[in-house]
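What follows is one structure encoded as structure tokens, with my remarks underneath.
Labels A, B, C and D are assigned to the chains in the order they are written; within every chain, residues are numbered from 1.
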Amino acid sequence: MTSPSLTAPGLTPPDIVRCAYLELVVTDLAASREFYVDILGLTVTYEDENAIYLRPLEEFIHHNLVLRLGPVAAAAALAFRVRTPDDVDRAEAYYQAMGCRTERRADGFVRGIGDSVRVTDPLGFPYEFFYAVEHVERLAWRYELHTPGALVRLDHFNQVTPDVPKGIEYLEGVGFRVTEDIEDEDGVVYAAWLHRKDTVHDTALTGGPGPRLHHIAFSTHEKHNILAICDKLGALRRSDAIERGPGRHGVSNAFYLYIRDPDGHRVEIYTQDYYTGDPDNPVVTWDVHDNQRRDWWGNPVVPSWYTDASLVLDLDGQPVALAERDEPSEMAVTIGADGFSYTREGDTEAGFKLGGQL
Amino acid sequence: MTSPSLTAPGLTPPDIVRCAYLELVVTDLAASREFYVDILGLTVTYEDENAIYLRPLEEFIHHNLVLRLGPVAAAAALAFRVRTPDDVDRAEAYYQAMGCRTERRADGFVRGIGDSVRVTDPLGFPYEFFYAVEHVERLAWRYELHTPGALVRLDHFNQVTPDVPKGIEYLEGVGFRVTEDIEDEDGVVYAAWLHRKDTVHDTALTGGPGPRLHHIAFSTHEKHNILAICDKLGALRRSDAIERGPGRHGVSNAFYLYIRDPDGHRVEIYTQDYYTGDPDNPVVTWDVHDNQRRDWWGNPVVPSWYTDASLVLDLDGQPVALAERDEPSEMAVTIGADGFSYTREGDTEAGFKLGGQL
Amino acid sequence: MTSPSLTAPGLTPPDIVRCAYLELVVTDLAASREFYVDILGLTVTYEDENAIYLRPLEEFIHHNLVLRLGPVAAAAALAFRVRTPDDVDRAEAYYQAMGCRTERRADGFVRGIGDSVRVTDPLGFPYEFFYAVEHVERLAWRYELHTPGALVRLDHFNQVTPDVPKGIEYLEGVGFRVTEDIEDEDGVVYAAWLHRKDTVHDTALTGGPGPRLHHIAFSTHEKHNILAICDKLGALRRSDAIERGPGRHGVSNAFYLYIRDPDGHRVEIYTQDYYTGDPDNPVVTWDVHDNQRRDWWGNPVVPSWYTDASLVLDLDGQPVALAERDEPSEMAVTIGADGFSYTREGDTEAGFKLGGQL
Amino acid sequence: MTSPSLTAPGLTPPDIVRCAYLELVVTDLAASREFYVDILGLTVTYEDENAIYLRPLEEFIHHNLVLRLGPVAAAAALAFRVRTPDDVDRAEAYYQAMGCRTERRADGFVRGIGDSVRVTDPLGFPYEFFYAVEHVERLAWRYELHTPGALVRLDHFNQVTPDVPKGIEYLEGVGFRVTEDIEDEDGVVYAAWLHRKDTVHDTALTGGPGPRLHHIAFSTHEKHNILAICDKLGALRRSDAIERGPGRHGVSNAFYLYIRDPDGHRVEIYTQDYYTGDPDNPVVTWDVHDNQRRDWWGNPVVPSWYTDASLVLDLDGQPVALAERDEPSEMAVTIGADGFSYTREGDTEAGFKLGGQL
């Protein structure tokens, strides 16, 4: 099979508004429901024995997350909303021009969504583009439904792909712009953040064997909401769902927490990055050896955060085979015997932190 | 003089990115500096004996507020950033086609800004459009500079104009979209909120004698930041600068505070409205008699908040004469002997609250 | 009938640990349950058709609030815990020596409480003293039960009495100590705060017709918890339950909110006063004309807050007749035509605030 | 030398009010000043070339921390305030009766403190007891001085001692009461928390080679204040001062952060434990294998937190020699190859967390 091109010169890409929903295959719907509804407090727009459609409190489109029962835990689609119905046509044409497989469904692939196109993109990810969507109540003012850890918005996706610069080239072609990245002194790019809406990202590319979904992120209004999720997980004796954090990111400047759902899918809870909507928004490049790049407080990134991610499905619903990364891994160059990170440029010794003791 | 048209059919309006800065004439620069720098903690990008250029912590363009010394306290310009240099041309052509007076300056009207056009818009306001701007350090990560009441962004302007539907027609012509409004049962529109960036507004129209500037709003990350500003004003025995709030808005769902600077210019501190970037973002219409529309907790809107606003200047620097509003005022229909607001639809009596006792 | 003495010289008073519970008569138990349980989130320790026993999340004694169904809304008992069983004997002897009516019940007056004595104190209030109490689960770690407005402790009572210095003399006799008070230039005392535990107060005396209960106060951990209660009341269209605040007290430095239950009983939500446990804790005296004494931000105290309070019952369950205050009322000397408050000492004019416009 | 007794039967111990101040020897006064004043924002009551006297915002006694320049980093005194001047006599007599060395100084050992007695206690720690103290301004209302990470009170000390039950016996003799402890299935006690004021502790005993000072803790009002300290350390490229946390304790239920000063002295920032003032406050015992006992979210305790602590000085200013712990160490039984902790009772496997990967 010929690889698709990374761009479709001469064609107008779809005008992507934002990341809009994730279709996630889970292997135990009841366990997932407990996690996303009972613990995280997402609102059920619709559910049946095969799927649960969920949204956070400020969302007015039908859902931001579909949990679909299936045999293999995986991400079935990363869906983006486009500005007009015509942009679905543009998306279909653009991806076909790149040589990507596409599938168009006038009635959508899932409930609540209308005319959509799904593609296997040049990186192997199942992307969807849609405009038509059922509106539901925006629960922003319904404070009687809010919980201490209230999730209010879908913020972003994060994807694992072997070759980050290649991914950037492709995503810039469809209109994304880079806000931040992590590089080393040789110009190796370890990760990049790209946006459409006015935040640091709608998706990010993390260097590693891919295509895989690294995580989906929901946002809260305040930092204490994120701490409340941790407290509740502790109270439920589910603290082992906490993988990393809470902490302050260097990249994005947001406050964060990473947790793992019953299938191991990773969810980030995220708040307070900055406005990026200006056309000349400054790009921030971080040194991979800067120990504050991923956690501003220098707390260690756990190995599983680097190594684990969710499979993605092709348009036939089969897991996509992984390609390895050729360049060094961020974990190798920063943790333990193979790597070193500094707190201050010029530092040569690790400190007493757990990360320095591995 | 012929009134300008409200639109310029056939012409492409400028692609406005966001509200970007306010030029404010103050009568005592030292007193204003104390207020905006020492108390509110805005960062000085530049200052001399005639003007101070200020920005909040996450801003990367030269300034969001210019305090210029002058004889009469007034707003000299409400400036919007456009997407490309060509959009300045488009703005100039568009406003000229409406019959508005315009003035173009290749080097900008103030420091830090390049090629700009200022106009007297169809509502009598001094609007400016620019693309070129000097970049400065985004202080987001500089936590050693943050204060308990840290302001992080410019959020919006709010303008007083007699005829709100007329204002909406004009602003929709240049690309703004309404997110929320306040109406009565007869269809009288008392106020409307309009946006370009992904928030509830870049500017709002408040019905009343105009053109006047009702306020400029800066945002914080969390609600406690706003409370900290109140606490500090109390500690400095400046609590009489607090005009209204803190409270939760019905409109926008944001948490807010209104304070008044030494010249009486009103500043709002604001946080946590919702995402509005989708093309079909639902419009919320509030009943003017709903006592939770402006304060979700039903706390009273003080009369001065309705009656006071800042003069605006024409392109010669002269205060623009005010036109009265023909329709009823929101204050008259909601407060005291002339008006009534309900907590629950169908309520017929005011309660023990101060608003019910005026 | 002879008035009781204010002290019992030569007798050892009981060693009072803290304010412990309030027995409150309500006229509609279902309506009160909705308010205290569904809205405020207090935990039901026990309930039947006549009474509901409630506690906040960090309490380990059986209850801090008893809602008892009755014909007249009133406070039936303000109960204090004492350090040892013998202190109940001391309390009985001490109040009898003052000439107060007392009633002792080995099995307590309410569920969950053992050997107790109730008294009609020299100010006419129904005080109770007990040591023996049933322990229940302290829910501090049960974060799955926490709500955005989580109440964690009973903080204090506040009582209305005509003669504040007389009340202070009596309460100091039983071991309370003053932490703050409000006076005028002639030495008139308008209110005083007195404590046993290490906070600003276990009870306060507010000058006015009495004996009446001004309010009971529960505390939260953070300020946003209090704001969440307001937001929820708005969402339930119950914002008219908000009487005053939220705001920052001058007295106590705490963040506060006053709400009214379905019978009009006042509840304060309160957080973050200071430690007072040292024997020489400095007393803070506020000028009654200082506009920041009751709200640090200078927001107006609503008249109802001064005028309304709950009746209290005698040991036969009958409402106690009120005695008027001889000295000026705080409301008269501070609000509107009769009064004046300053923001800065020496100020002679009120500002644009609502308080200045009454 | 004969060991002192653990109690002095028949003698009345001093009535201890609270932990009051720590005298800490530091080796670089300028570096310590930067840490405690510039970064943490403690207020300087007095300073000269040999010492700095510091207090947090709500303190009204002269200081809670003395930094004294000296050749060896160590804790010179853990000082407690007593209720009356006579309690200093009682302390002296009590410790002498136990066979402890004591030293009395009518003018105090440090500035701002009057008549005091210092002792080498039965565990080898330098304890001080005083009543007389200079009052200074309580800065609670001085919000213009508050920082995002505002420290408001001294909360507690934490001491390392080999034999925790022995330490408990001694401290209960002088009036402390246990609130929580950590034990294993064989009854080995790893740590205990003891209080005088109405909080979880005024001091704690941590099992290990001692006598050493494990840490001193200051409290903030809210959790975001603690996060702000982390953010600021990151901004100053001092994130390696963060040793452990921020997190939620299981023990005490407080939110916490551990940082290390330039000499390696450990400082905890702490907020929101619970009220313990009732005489029958329930004791909470934690299983040493419960992975949520020290961090409710199951985040790992770093080894240095277990192994490092500050030397203490005897009354001649010489470091006290350490005695080893005979019983197993908490670190050995919980981390890595030698130990195991569970999230849920009955768990047999560690998870993906860093702590499980050591």
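Operating definition for what follows: a contact is a pair of C-beta atoms (placed from the backbone, for glycine too) under 8 Å apart; a residue touches a chain by one contact, two chains touch by 3 or more.
The structure presented is a predicted model; accordingly, all values stated were derived computationally and were not measured.
**Student:** Could you run down the chains that neighbour chain B and chain C together?
**Tutor:** A, D
**Student:** In terms of CA centroid distance, which chain is the most far removed from chain A?
**Tutor:** Most distant chain from chain A: C.
**Student:** If you average the CA atoms of chain A and of chain D, how far apart do the two points sit, in angstrom?
**Tutor:** For chain A versus chain D, the centre distance works out to 42 Å.
**Student:** Using mean CA coordinates as chain centres, what's the gap between chain B and chain D in Å?
**Tutor:** Inter-chain centre distance comes to 50 Å.
**Student:** How many angstrom lie between the centres of chain C and chain D, each centre taken as the mean Cα position?
**Tutor:** From the centre of chain C to the centre of chain D is 34 Å.
**Student:** Where in chain D do residues touch two or more of the other chains?
**Tutor:** 141, 222-224, 231, 234, 250, 296
**Student:** Using the touch definition up top, name the residues of chain C that touch chain A in the complex.
**Tutor:** 141-148, 150, 222, 224, 228, 231-232, 234-236
**Student:** Which bits of chain C are touching chain D when the two form their complex?
**Tutor:** Touching chain D from chain C are residues 17-18, 58, 60-61, 81, 83-84, 131, 135, 138, 140-141, 152-153, 197-198, 221-223, 250, 253, 272, 274-275, 277-282, 296.
**Student:** Note which residues of chain A are touching chain D in the complex, please.
**Tutor:** 222-224, 227, 230-231, 233-234, 237-240, 242-243, 246, 248, 250, 255, 260, 291-292, 296-300, 302-304, 308, 343-344, 351-355, 357-358
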